[in-house]
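Multiple structures are listed underneath, in structure tokens.
You will see two complexes here that share chain A, one where it goes with chain B and one where it goes with chain C.
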Partner chain A sequence: MKILSLIPIIAIGGLLLWAAQDFPKWGDVESPASKSPVSSHFIGKTGVDTEVPNMVTAVLADYRGFDTMFETVVVFIAGMAVLAILKGSTRGNSRRKDHEVEAEPDLIVTNTVRLIVPVIQIFAFYVLAHGHVSPGGGFQGGVLMGASFILIALSWDLEKAVSRFSIERCMIVAALGIVIYGGIGLLSMMLGGEFLDYAELERVLPVSREMARYHAMLGVEIGVGFTVTAIMFALYANLSSEGSLKQGL
Partner chain B sequence: MENAIAWIFIFPLIGSVLVALAGFVNRKFCYPISVLSMAGSCWAGIETLRQAMSSPSHEVSYILGGWTLDLFPRGVGIEFRADILAALIAMIVLGVGLIVTVYSKIHVEKETPNKESVYYSLMLLQITGLAGICLTGDAFNLYVLIEVAALTGYGLIAIGSNRAAAATFNYLILGTIGASLYLLGVGYLYIKTGTLNMVGIREVIENSKLANSETLQVAFVLIGVGILIKMAFFPFHAWLPNAYCNAPTTTSCLLAPLVTKVMIYVMIRMILSVFGVKFSFESTIWVSWMPWLVVIAIVCAAFLALSQREIKRMLAYLIVAEVGYMVGGVWIYNYYGLIGSIFHIISDACMTLCLFLGAGIILHKCKTTHFDGLRGLFSRMPLTMIGFFIGGFSIIGLPPTCGFFSKWYLITGGMVSQRWEYMVVLMFSTMVMVILFFRLIERIHLAVDESGKNLGKGHGDLGLTKEQTRFDEAPLIMLIPLLVAASIVLLIGVYNQDVVNQIEIFLKAYGLPTGVKYK
Partner chain C sequence: MIGLEIFNTFILLLLVVAAVASLWVRDLLVSAVVFGVYSFLMCLLWAEMGAVDVAFTEATVGAGISTVVLVATIFHLRRKSND
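Then we have the complex of A and B:
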């Protein structure tokens, strides 16, 4: 079996190597991907179009914002699918009876986490809100935020974390994230543009068209942050306890 | 309506979020919200199709985010492009979605109790993803939407029994491999062309003479193989039968008619819009051996279908065979073959829907879909059986069902391009389908068991008690969708010329050969 599976791997690897001879040189300014007007539009016009200094965020949340909306939906789907499979399953109840540990949470660990968690959460907000200017954004901020809840679950136990952020609330927050993202897109469509044409938001915001795009990007990043935070934690809670939401790792 | 094309995905997207939230209030709201949002989406689909047909360029272009198309190659911002083909297939996706959503009520309540909200939410997102795949004009956006459709599919299948979860795992591995190969191919395309817009890529390939570029050749192979895995083309079909048979009934009704067909649409889209006809057929060597692979695929799938003793599993292998038809229709490199392929996507979606809806009703009423449990079904559920067999006759290809006309074009394509192997295998598989379905008809009409023993006394006596043959039709909420699907099969058959005219308007621009080109 192992030898059989080597055959397609070698075939694909060989194919990829064969293709590489035709690649443009590394960092070549004449290569199609760097020379193409699409790239130069992103590089040259991002600041003009959107007032956003961070080109990556502009491409992600505005030029290709539709992709990002569905990436957020994919995160949401992942949470829903895990919930669908594990909810009400009996698999988690019967396991590891023999070596179940009934220990008190460790004093040093819990106190350290008590100190760290607020810092992580503030940093998460910073990463989320600063995505326009520096590396960061909704996905990264959301992951940090979700990690802070997972840290609570790891150092106390899952029940304590779930009592702070129940799975129902997770799903509501995750859905809310999609509503924020899609809602901004829909609003700009209602105001006369195309779906996700943030510039049209100037009619309701007291700013220029470019700044409207700037602010709308922050809005959609917040939506992404909501969904990612909630689904991060929901995935951890469900998977670590096989759906029972008790004990955890 | 100016934004009709956007409403196609906005309606189910809003619907899915509402359904997910409604689950916390009252689960009774989930079903009506789903049906309403699908109805809205269908309306938007019809409107888009109308716009595409009536516009002078025969397409609707919609740039999300309001960016520009003026650059060459275009590609700033994501474009939704509904030409006639895209709008037609999207309409089929939405129509099937609506019918299945209406049909789903009893099954979902019974098979996935307490999970209705999650189920309907995933279902609506699945339809969003599939409709988006049809409409998008951006190669990377297509990948994202494939992910949406695939992930919801995994969830919808695994929500059933534990066996379904095991089947899903196979599907997940293979599906992920397929999607990754596609993504890798798109990366290669971007390296050489510098844009992700489908039409933009084609314009660059045609203008800068990239036909002999190794990178593009490999990109074509990667994308091609990735899509073949996703559409369950014969050697890669292993995930399909288990996934569809162990899934909850509604899931198989939704996925079986759509997923594989949409992937064939993606293949056609890649050939026509991204790589271009000239590159795909004349600069690669696929034309010379793909029809032979198709022959192997159809023969094997037909035999596998013949050896099944269970309706759903038999239908699953039929799908694998039908995939072979459509792939063959594309790769014989002929105008008529491609008409046949596109028409067959439409008719196959409708007839597979018919068959799976019927199988779902049988499962609901008889608790089994094994061949032995079918005796006397015609006297019990005549309407269901008529609907089911209209689908069956269409698979065989009897006029006036739509399956006859699409197969007609496929065979014509095989003849004029002189790919006799493809034509012969189509005839062969038609014979196998005849055996498959008349064997079923025999099962429900005659009283002969597996070993040939006579159970009744002849003259229509099935050896069943009066109780067992009493009229006992399916609930209306399941019966009506089935009959609607069956009448669509007949209607598309009767009005086949109108459908073909539209497909011809679309295909004329691509300069496909009407005679022998290969050899």
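Then we have the complex of A and C:
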């Protein structure tokens, strides 16, 4: 069976390697992606249109904001699906697992985590808020924030982390993130533009059209960060305890 | 530039080793951790090519969260792979 499955793997791998020869060279100015007028528009006009130095964030949150909104919804639905499958599952809750030991949380580990968690959370806020200027943004900041709660769950136990950030609150925060994102889009629609046309927000913000897009992008990233934080923690909490939210790993 | 070439070759070779190793080992937990190493090498490669945003996402999501989620799931499975 192993030999048999090796044949298609080698065949497909060889085919992919052979096809990879057709790729343009790295940094090739003649490649279709570099020659397309869309790329030069983004590279040349992002700073003028939106005042955002990091054009990756500008493309993600503004030019293709609609995609990013539904990516956030996909993350939300994935979290909901895991919750729906695992909630109330009683499979194997009675049998003891070999890795479960009755022990107090380790003193050195918990004290180190006590020191590290605030730093991680401040860094997460920095990544989220500074995503326009440097690499980062809602997804990365949200994942970092969620990781800090997972770290608490790993070093103490799941109950401690859940008592700080319960799963019900997780789902509310996750939904709130999408509401913030969609709300900013809807607000710009009500102000006379199109859905997610942030420039129209200049009527409620005391700034220019360009800076309105800049600030709306920050708002949208905060929405993404809310959803990702909550869903990452909810995913871990449910997967590590098979939905019972007790003990964990 | 020759230093960069050596760096790239080194990382790519390590990538292949990590990819084969994560399939090869019988313990799923070791496999998950090696997969995290693979993600981190990928992150280094992207950072070197100038795609810092992608590298950042790979470091947080690929090497961080997905390893943790895999480990959390593996603890509830039989850890030894059958093939």
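Simple rule for what comes next: the second predicted complex is superposed on the first by the 217 of 249 C-alpha atoms of A that agree within 3 Å, B and C clash if a C-alpha of one lies under 4 Å from a C-alpha of the other, contacts with A are read in each partner's own complex, and residues count from 1 in each chain.
The criterion applied here is as follows: a residue touches a chain if its C-beta (ideal position, glycine included) is under 8 Å from a C-beta of that chain, and two chains touch if they have at least 3 such contacts.
The structure displayed is predicted, hence computed values, not measured ones.
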Partner chain(s) touched by A:V74 [first = chain B, second = chain C, both, neither]: first
Touching partner for A:F23 - first (chain B), second (chain C), both, neither: first
Chain touching more of chain A, residue-wise (chain B, chain C): B
Touching partner for A:A147 - first (chain B), second (chain C), both, neither: second
Chain B versus chain C as contact partner of A:G137, first or second or both or neither: second
Touched partner set for A:Y236, first chain B, second chain C, both or neither: second
Partner chain(s) touched by A:L186 [first = chain B, second = chain C, both, neither]: first
Touching residues on chain C, where the partner in the complex is chain A: 49, 52-53, 55-57, 60-61, 64-65, 68-69, 71-73, 75-76, 83
Interfacial residue positions of chain A with respect to chain B in the complex: 15-16, 18-24, 31-39, 41-42, 62-67, 70-71, 73-74, 77-78, 80-81, 83-85, 87-88, 168, 171-172, 175, 178-179, 182, 186, 189, 193-200
Partner chain C, residues of chain A touching it in the complex: 1-2, 26, 54, 56-57, 92, 97, 99, 127, 135-137, 139-140, 143-144, 146-147, 150, 154, 232, 235-236, 239-240, 242, 248-249
Touching residues (chain side chain B, partner chain A) in the complex: 3, 6, 10, 13-14, 17, 20-21, 24, 62-67, 71-78, 112, 114-115, 118-119, 121-122, 125, 128-129, 132, 140-141, 144-145, 147-148, 151-152, 154-155, 158-159, 165, 184, 188, 190-195, 200, 204, 208, 213-215, 217-219, 221-222
